[in-house]
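Handing you this structure, nothing more for now.
First chain written, first letter: the chains are A, B, C and D, and each begins at residue 1.
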Amino acid sequence: MGPGRLHALVDGVFAIAITLLVLDLPRPVDSAHLTHDLLHEWPTYVAYLVSFVTVGIVWIEHHGMMSAVREVNRRFLERTLLFLLFVSIIPWPTSIAAGYANHGSQARPAAILYATTMLLMGLSFSLSWHYLAEHPSLVAAPARAAFPAGFRRALVGGLVYLVAIAVALVSPPASFAIDALIALYFAASKSEVPGLIQRAARAEAPPPT
Amino acid sequence: MGPGRLHALVDGVFAIAITLLVLDLPRPVDSAHLTHDLLHEWPTYVAYLVSFVTVGIVWIEHHGMMSAVREVNRRFLERTLLFLLFVSIIPWPTSIAAGYANHGSQARPAAILYATTMLLMGLSFSLSWHYLAEHPSLVAAPARAAFPAGFRRALVGGLVYLVAIAVALVSPPASFAIDALIALYFAASKSEVPGLIQRAARAEAPPPT
Amino acid sequence: MGPGRLHALVDGVFAIAITLLVLDLPRPVDSAHLTHDLLHEWPTYVAYLVSFVTVGIVWIEHHGMMSAVREVNRRFLERTLLFLLFVSIIPWPTSIAAGYANHGSQARPAAILYATTMLLMGLSFSLSWHYLAEHPSLVAAPARAAFPAGFRRALVGGLVYLVAIAVALVSPPASFAIDALIALYFAASKSEVPGLIQRAARAEAPPPT
Amino acid sequence: MGPGRLHALVDGVFAIAITLLVLDLPRPVDSAHLTHDLLHEWPTYVAYLVSFVTVGIVWIEHHGMMSAVREVNRRFLERTLLFLLFVSIIPWPTSIAAGYANHGSQARPAAILYATTMLLMGLSFSLSWHYLAEHPSLVAAPARAAFPAGFRRALVGGLVYLVAIAVALVSPPASFAIDALIALYFAASKSEVPGLIQRAARAEAPPPT
């Protein structure tokens, strides 16, 4: 089976997850101090931005991985659905984090919930890399060598949220700061894996869209 | 008419149905016991997971079926829309089930509503299989032989929810457990139908995306 | 410009409009009479079904029309966006109709709003047909002859809602019944236009997806 | 990497942003004066229309730009995600503008928020044009010459919202009128850039969908 329709489902879920985040932005009703009321909700904007950037980076990385995939089977589809479960759920911990980041002792469970969701998204993403590394026949031949490194990169990108979970026990604000730093790190990172995969994929015929 | 645009509508509806489920996850406002309040809503998470897995499996099965479809006509489009009606509605019984699973005697109608929706989704899916089995010219030649078995599999996958409906009259929790078991069974099942279809489709030219 | 990306936007808007309808289905909170409370909302289900069937039929008709379109220009994109404006808005009059169909004298404006939206959707759809009939170079040669008839069909399909608007002044329930009958009529209708277009499109190379 | 999957994400986000606007249309509950209550909300409809037209025009312009793009890299994907951040957020300032346009002194921050979002969307769109103008190897050869002019057009289309922001300090209604006029101007404008790009793209092989 070609990967075409899987792209459509994945891109749909990412597009909707990104866009549903906006439903949680503050909409004060009949406010007499709109500017103040909107600025007061600054944790919501920060949470929105961190989630948007994280989901965006993960989409880019997934896009890079899939550009070398030439065939999918049922086991791979199941792993992708597990990954999409955690992508589609992200507006929920984002909403909780935005509502409780400034909420005294309740910031702790909010920070843990947020980082745990990201941990599970990262681990489920690394499962896809791992499956492709173990089943190279699904991947364009020149790109196969890059998949073990891609798996390690995704695994580290998930496990690093264990740090955010541990820090949340001591300082929820520091935990949220780590979530933001992880997004920025991956946005700026110069890993050779995506480049390797794309150059390899380009060496072949153009990938099926 | 090629099946390309039908894929786009189907994948869009599945992506949105999956993602709208998240809107019903609990978002307690100004809770002083966030962990407790979130854990208290455990039926919501179970309902979310069962619906996500069920929809995901059905998407995989639909994806497998469509990989052998080479042409669609208006009657097939209509059957697909009927199927999408029940897919798109799933966030609704899921929300009712989550809200009433722990709600004494009101769990019964909630369980019946949930299982009935799944029954209708399954039956409408089997209608698509049946139409293709009866109109083999729409299907890639080497895959045609698999469609009667695919129809039976989808029909059974729908009718089994009659058990969940009957059990709901006695024990709503047992009915929800059956819903979950059906999802797990199909996730794990080793039916030869999808494999047959995919191997057959692969024997031809690559399917139009 | 090829029509590929226009399909993606159109299918996305249809998929979301169909799926957002579900957000208005009744979700009673802590009801002690769930069955009664759900059954009491029967106008909501009827409104949901009528809108779903109407949008579904319109999608099939649009799909048929586009299967013969070989090129799009800016003016055609603008007409399509106008059409999508009315498609995307449908969950709104549906929600109003569901809420006020049983609401005494307030059913009248609800019925007028619903039928007017459908009128505008139909008229804007007929604008697309008209533009293609006037600019045959955008259409696959063998299908061009079918576009004037397609325009008339879409125009009648829109104008017939004028009857529903007029009837609403006398009897809102009768107006809603007309809305439902229009959907059923188009679902069952045997117009030769779509078949002509599809046969013509098939005579050419397979349409770009 | 081909641009195919980027189209899918972009079109998905546009389709959802357009459709989520509808969630903010007024749904009065148990109103005894439905017509009056609906008409009273006229700023909501104006805001809806202006946002719909603006997003629609931007989608057409983006569609025109992408029709000449033959390859995308990570830096371009990042710029596109920044652009999508502001597209996906539009239902939020639209909702605020609709709620506060008639709300005395609170109309000012609402008008500023709306125009600032549009400013940022325009600037982020011009960033994509700029990147392609600077990296012509990503663009179909015959269309490259049009990208500097496209960048200037997008830049002006963003910066003009600075006028709307400045005017909001004096008169919020005038600021909203400017927002509407900008949308109308771009809907009617006869820039040669899109035509140049499309003719150039057509001179080549058909663009990958």
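Heads up, the rule we're going with is that a residue touches a chain if its C-beta (ideal position, glycine included) is under 8 Å from a C-beta of that chain, and two chains touch if they have at least 3 such contacts.
For clarity, every value in this text was computed on a predicted model and none was experimentally measured.
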| item | value |
| --- | --- |
| Cα superposition of chain A on its sequence copy chain D - rotation in ° rounded to nearest 5 | 90 |
| Type of chain B:chain C copy interface by residue overlap (half), same or different | different |
| Distance between the centres, which are taken as Cα means, of chain C and chain B, whole angstrom | 25 |
| Distance between the centres, which are taken as Cα means, of chain D and chain B, whole angstrom | 36 |
| Sites on chain A at which at least two other chains make contact | 8, 12, 15-16, 23, 209 |
| Chain C residues touching chain D - in the complex, by the definition given at the top | 1-2, 4-6, 8-9, 12-13, 15-17, 20, 23, 73-74, 77-78, 81, 84-85, 88-89, 91-92, 95-96, 99-100, 103, 106, 109-110, 113, 208-209 |
| Residues of chain C touching chain B in the complex | 7-8, 11-12, 14-16, 18-19, 21-23, 25, 27, 29-35, 38, 52, 56, 59-60, 63-64, 66-67, 187, 194, 198, 201-202, 206-207, 209 |
